[in-house]
Amino acid sequence: MTALPDKTALTAASFKSDYRPVWCPGCGHYSVLSSLTKALAELGLQREEVAVVSGIGCSSRIPAYTSVYGFHSVHGRALPVATGLKVSRPDLTVIVTGGDGDGYSIGGNHFLHACRRNVDLTYVVMDNQVYGMTKGQASPTTPADWDKSKLTPRGTGVSPFHPLAVALAAGANFIARCYAGDPNGTARVITEAVRHPGFSMVQVLSQCVTYQPGQKEWKTTVRKADVTTTSDVELAARWLMADDGLSTGILYLGNRPVYRPELRASASLEDLETAFRV
Amino acid sequence: MQIVADEKKSTSGINSVEVFLAHALTLEDEAAGGYQEIGDSMAVHNNPEVAGLFFQMAKYGRMHAAEVRELAAGLDLPHIPPWEFVWRDGESPEAPSMDKMHYMMRPAQALMLALRAERAAHGFYSSVAETTTHPRVRELAAQFAEEEAEHVRLLKDWITKYPDPDPNWDFDPDPPAMPE
Amino acid sequence: MSDQTVSIAITGAGGAGVMTAAQMLLDAAASAGLYGLMARSSGPQIRGGEVAAFLRLGARPIECVDDRFDVMVALDWLNVERFAAEIVLDAESLVLCDQDAGEPPPRITATGACLTALPLQETVKSLEGGRLNMVGLGVLAGLTGLPEEIVGEVAAKALKKRGPAVLDAGLAGIRAGIGLVEGMAGSCRLAAGTSTAARWNFSGNEAAGLGAVRGGVRFVAAYPITPATEILEWLAPNLEKVGGVLVQAEDELASINMIIGSSFGGTPSLTATSGPGLALMMESIGLAVSSETPIVVVNVMRGGPSTGIPTKSEQSDLNIALYGLHGDAPHVVTAAHSIADCQFTTQWSVHLAEQLQVPVIVLTDQSLGQSRAVLDRPADLAFISRRETAAASVTDYRRYALTASGVSAMAIPGTPGGEYVADGLEHAISGRPSSAAEDHAAQLDKRARKLELFDYGQHWANIEGDGPLCVLTWGSCAGPAREACARAKAIGIATRLIVLRLLAPAQEKQFAAAIDGVDRLLIVEQSHSKQFYRYLRAYYDLPGNVRLFSRPGPLPIRPGEVLEHMKAWS
C-alpha cells in the first residue's frame, strides 16, 4: 500500500465496513463514502475514536458502511445527537452526515443553531435536491419549477434557499462546496474541514440517479470557484448569494471561538448541598 | 488561505521509482476497490451477470496490485495525500465511474466502461513513460503501459462475446420503492 | 412533637415584595427549629402582578397544604379575587389588611373570617425607607411568635448587600409590624421548634437536580419551560462544579437528541421539561428505546392539555408518559411523591436508566417542583449508575446480543473493537438493520425482558400503615393522602396507604401482595379523565370495592377532602 501518514495510520479501505451499500448504482453517495474514508485515513485516526452521526435518508445510511462508531438517529436530528456526543466527549472526532431534506427541512432549526453554537463538528450534506428515500419529493434546494413529484405535480412554486449563505449567516466556521464527481477533491475538503476548528459545513453536490437523472449535467456545469478562500464574512456573503450554487471549493474560513466547555470538577458532591443547609 | 488548485496536473513530475510505484499501487488498489464496489452494488441490485464481470475485473486489479507490491518490496514509498496524485482529471484513471452505472446495465455496457478505465490507465502509464527523466521509471511505466494495452485488447475481445443491448434495456415497469 | 401547624397566606401586588417576605418567613421558621412548606400563585404579569404566597409552618415535617388558612395578610386588595378559590377561609381564620386599602372583596368577607384592619401604609410612611412587605413580615412574626432576633437575622442576611440604610429600614419595619399585632389572639402561635436534626431548605426542582447529579448525570441539555426551568437553572452551575456540562438547546427536539448523543458517548445524561416539551420528545424517546441508550427525562407536570395552565399542578401527563411512544416501546416511568422524594426518585431513575439501558421518564409536578420546604436532610443513597460496557479490545462484539437478562454490553466510543452503529431501525444482534421476523421478535423480547426480569426492590412503592381500607395514590397526592390517613387513624379508622413510585413496568406480583387483605380501595388522583384509575384497571387486579376521588387541577387536593371520602366509606 502507499505509505500512510504515520506508522499507526489505517488505510481508507479499513474505514469501510463489509456491509454492501444499497444505494442505486450511479448514486453520488458512493463517491462521498470513498472521500470520507480517504479523509479519515489522511487524518491518521483510529476507528474507535471516530463517530459518524446521521439522520434518515439515503445519505444517512453512511454510518453502517463505515467501520467506526455510528448513530443512525431519526429524521432531522443528527446535529443535536452529534452535539451532545461531541460536547461530552471532546476527544472523539464527530462527523455528521445527511441529505438536503433531512438537514434543511425537518433539520433546519438544528442546522441554524449548530452553525451558531460552533461545536467542533464536520457536517457533510449530500445535496441531490430531492427526497430520494421516500420516492422523490422536492426538498428545500429543489428548483421551484421541478414538477416530477406527485406531491407537487405543478412544481413547488417555492424557491430553493441558499444553504451555504444560511450557514454563513448562522455562524458556521468553515464553508465549502464539493462535487461527488471529484472524490479526491472532496476528500481534501473533508480533511481540511475536520482539521479546521469549530462547525465545518461541507455541502456535496451528489447526484440522485433515480429521481434527478438530469444531475448528470453537473459533470459539465459544476466548476471550481474562481475566488480565493476568504475569512471576510461580508465578502463571502455577497459571493455566496451571487453564486449559482455550482461553484466548488473552500469558500470561507472563520476564526470564531469554538464551543468547547471544559469538563473539570472543582467541587465535590457534598459541596453542592451547602446551599440547602438550614 | 488556499487557492483552489488547477486539477490538470502533469505527469512530468514523476521522476523517482518510489513516487511512481506509489501512483501505480494506488491506481491498482483503487481500480480493484472500485470494481469490487460496483460488483457488490450490481449483486445487491440483482444483476448477477454484470456483477460477475466486475468481480472478475476486481480480481485482476488485485493481482496487479500484488505485482506492484512485490516490486515495491524493500522500498520506502512516500505518503501522498489522495488529492496530490498527478491524475489528469483529479481521479485515479483506472477507477471505473460509479456515476455511469445503471442497475439494469448489460454486460457489453459494463465492459465498455471497464475498457474506458483501462484505456485511461494505459494513457497514464504511457504519459509517465514519455515524460519521466528516470530510466527505471521509464522502464516500469512502459511495462505497465504494455500490460494495460493487453487488458484493452482482451476487453475488446471480451466485449464481442456479448450482444449489443437492445434499445429498451433500461425499461423497468415497476415504480421505485420506498424502503424507509 | 406537636402536630399543630399554622397556614398563612400573604397577598399583594405591584412590587410589594410578597415573595421576599414569604421566603424570609420560611427561613426564619427554619432557623427557629421549625419545618415548613411554601408555595405561590401569581397573575400572568412578569413584573408587578398580584402574588399570593402560601406557607404552612409547624414543629414537624410538612408535606402538603392544609384544608384552610389560619391567617391571611393582605398587603392590598389588588386583583386578589384570582386567589379566592385557593385561599380557603372560615370563621376561625384571621384576615389582616390595610385600613387604607379600601373595602375587602365580598368573597373574602363572605367567608366569615375575622377581619382586622391595620395601619400598614401609615406605618410604612412613618419609617425612613419603610417597605410594606417588611411590616407584613413583622406582623406575621408577631402572630406566629417567631422571635424578632431570628427574623431580624434572616432579613439581615437577605438585605445586607443592599446597604445599611435598606437593612435598618427593614429591621425597623419588622419591629413595627410586630408592634401592630401585640396582644392579638394567639391562635396562630407556633409551638417552639425543637428540631436538632440536620435540615434542608429546598424545592422539589432543586431536589431533582441534586438527585440527578448524585446519580451520576454529567450532561444535561436544557430548554426552558414552566414549571421545570428551575431544575435546569440549578443544574447549570452545579453540574459544572462537578465536571459536567449543561447545554442550552434550541428546542426540546434538540434537548432530547443531545442527551441521546451524549449518553451514546458514555455519559449519564438527563433533561427536564413539562407536558408540551415531553410531547415533542416522544419520537426520540422511542429512538432511545430502540437503540437501547440510557436517558432520563424529568417531566414536571402542569395543567394540560396543550398549553393548559402552566403555573398550576395536575397529574394529567400519566397517559403520555406511559403510552406516548409509537410502536411497542417498553420503557420505565417513575414518579416522585414529595419534595424530598424528587431527589430519591430522580437518583434512582438515573440508576435504572443506566442499568437497563433504557429511557426513564420521571414524573413530578408543579406543586412539588416549585414549592419550597424545610425538611429533614434526605438520607444518602446507595445507588450509583452502573452501565454494562464492553471491555477494551473486545472481539466479535455484538451490541444487541440476546442475553438472559436482556441487557447487553454497550461499547463506549473509544473502545477498540466495539465499533457499532446505534440505530432506530430494527436490527439484528450486530446492530445491522433488519426487517426479518425473527430479529424483530428477538429484539422486542429482549427490550421487554430486560425490564420485566429486573428486580426493582422495595422502591416500587411506599406502603404504610395497615387496615382493610386502602388509599392508593401517586405523586403529589401522597402528601394529602398521608395526612388524611394520620387523621383517620386518630379517629379510629385504620388505613393502609400505598403510594406507587414505579408506574411502568407494572409490578403485578408486588401489587397483589400489597393489597392483600384490603376490602375497600380508595384511589386518589388529580386528573379529569381518571388516568391513574384506568392505568390501574389495565394492569392490575383490583379488589371488588373500588372508589375513586379524582379531580383535575388547578386547585390542590387537600387532606380534609380525602378524609371525607374515607369517612364516608367507614
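Chains: A, B and C, in written order; residue numbering restarts at 1 for each.
The working rule: a contact is a pair of C-beta atoms (placed from the backbone, for glycine too) under 8 Å apart; a residue touches a chain by one contact, two chains touch by 3 or more.
Note that this is a predicted model, so its numbers are computed, not measured.
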(request) Specify the chain most distant from subunit C by Cα centroid. (result) B
(message) Of all the chains shown, whose C-alpha centre falls nearest the centre of every protein C-alpha atom combined?
(response) A
(request) Could you put a whole-Å number on the gap between the CA centroids of subunit A and subunit B? (result) 28
(message) Averaging over Cα atoms per chain, report the distance between subunit B and subunit C in Å.
(response) 67
(message) Using Cα averages as centroids, what's the distance between subunit A and subunit C in whole Å?
(response) 42
(message) Two-or-more-chain contact residues of subunit B, please, as numbers and ranges.
(response) 180
(request) Could you tell me which residues belong to subunit C and also touch two or more other chains? (result) 425
(request) Indicate the residues of subunit A shared as contacts by at least two other chains. (result) none
(request) In the complex, go through subunit B and note every residue touching subunit A. (result) 1-4, 7, 22, 25-26, 29, 33, 37-38, 40-45, 69, 76-83, 85, 87, 90-92, 98-103, 105, 175-180
(message) Which residues of subunit A touch subunit B once you look at their complex with the stated criterion?
(response) 1-5, 12-13, 20-28, 30-31, 38, 42, 56-57, 133-136, 180-185, 187-188, 191, 207, 209-211, 216, 219, 224-225, 228-231, 248-250, 253
(request) Would you mind writing out the residues of subunit A in touch with subunit C in their complex? (result) 19, 46-49, 51, 53, 63-64, 67-74, 76-77, 80-89, 91-92, 109-110, 112-113, 261, 263-269, 271-273, 276-278
(request) Spell out the part of subunit C that touches subunit A in their complex, as residue ranges. (result) 30-31, 198-202, 206, 210, 213-214, 218-219, 221, 238, 240-245, 247, 249-251, 253-255, 257-267, 269, 283-284, 287, 291, 374, 377, 411, 413-425, 432-433
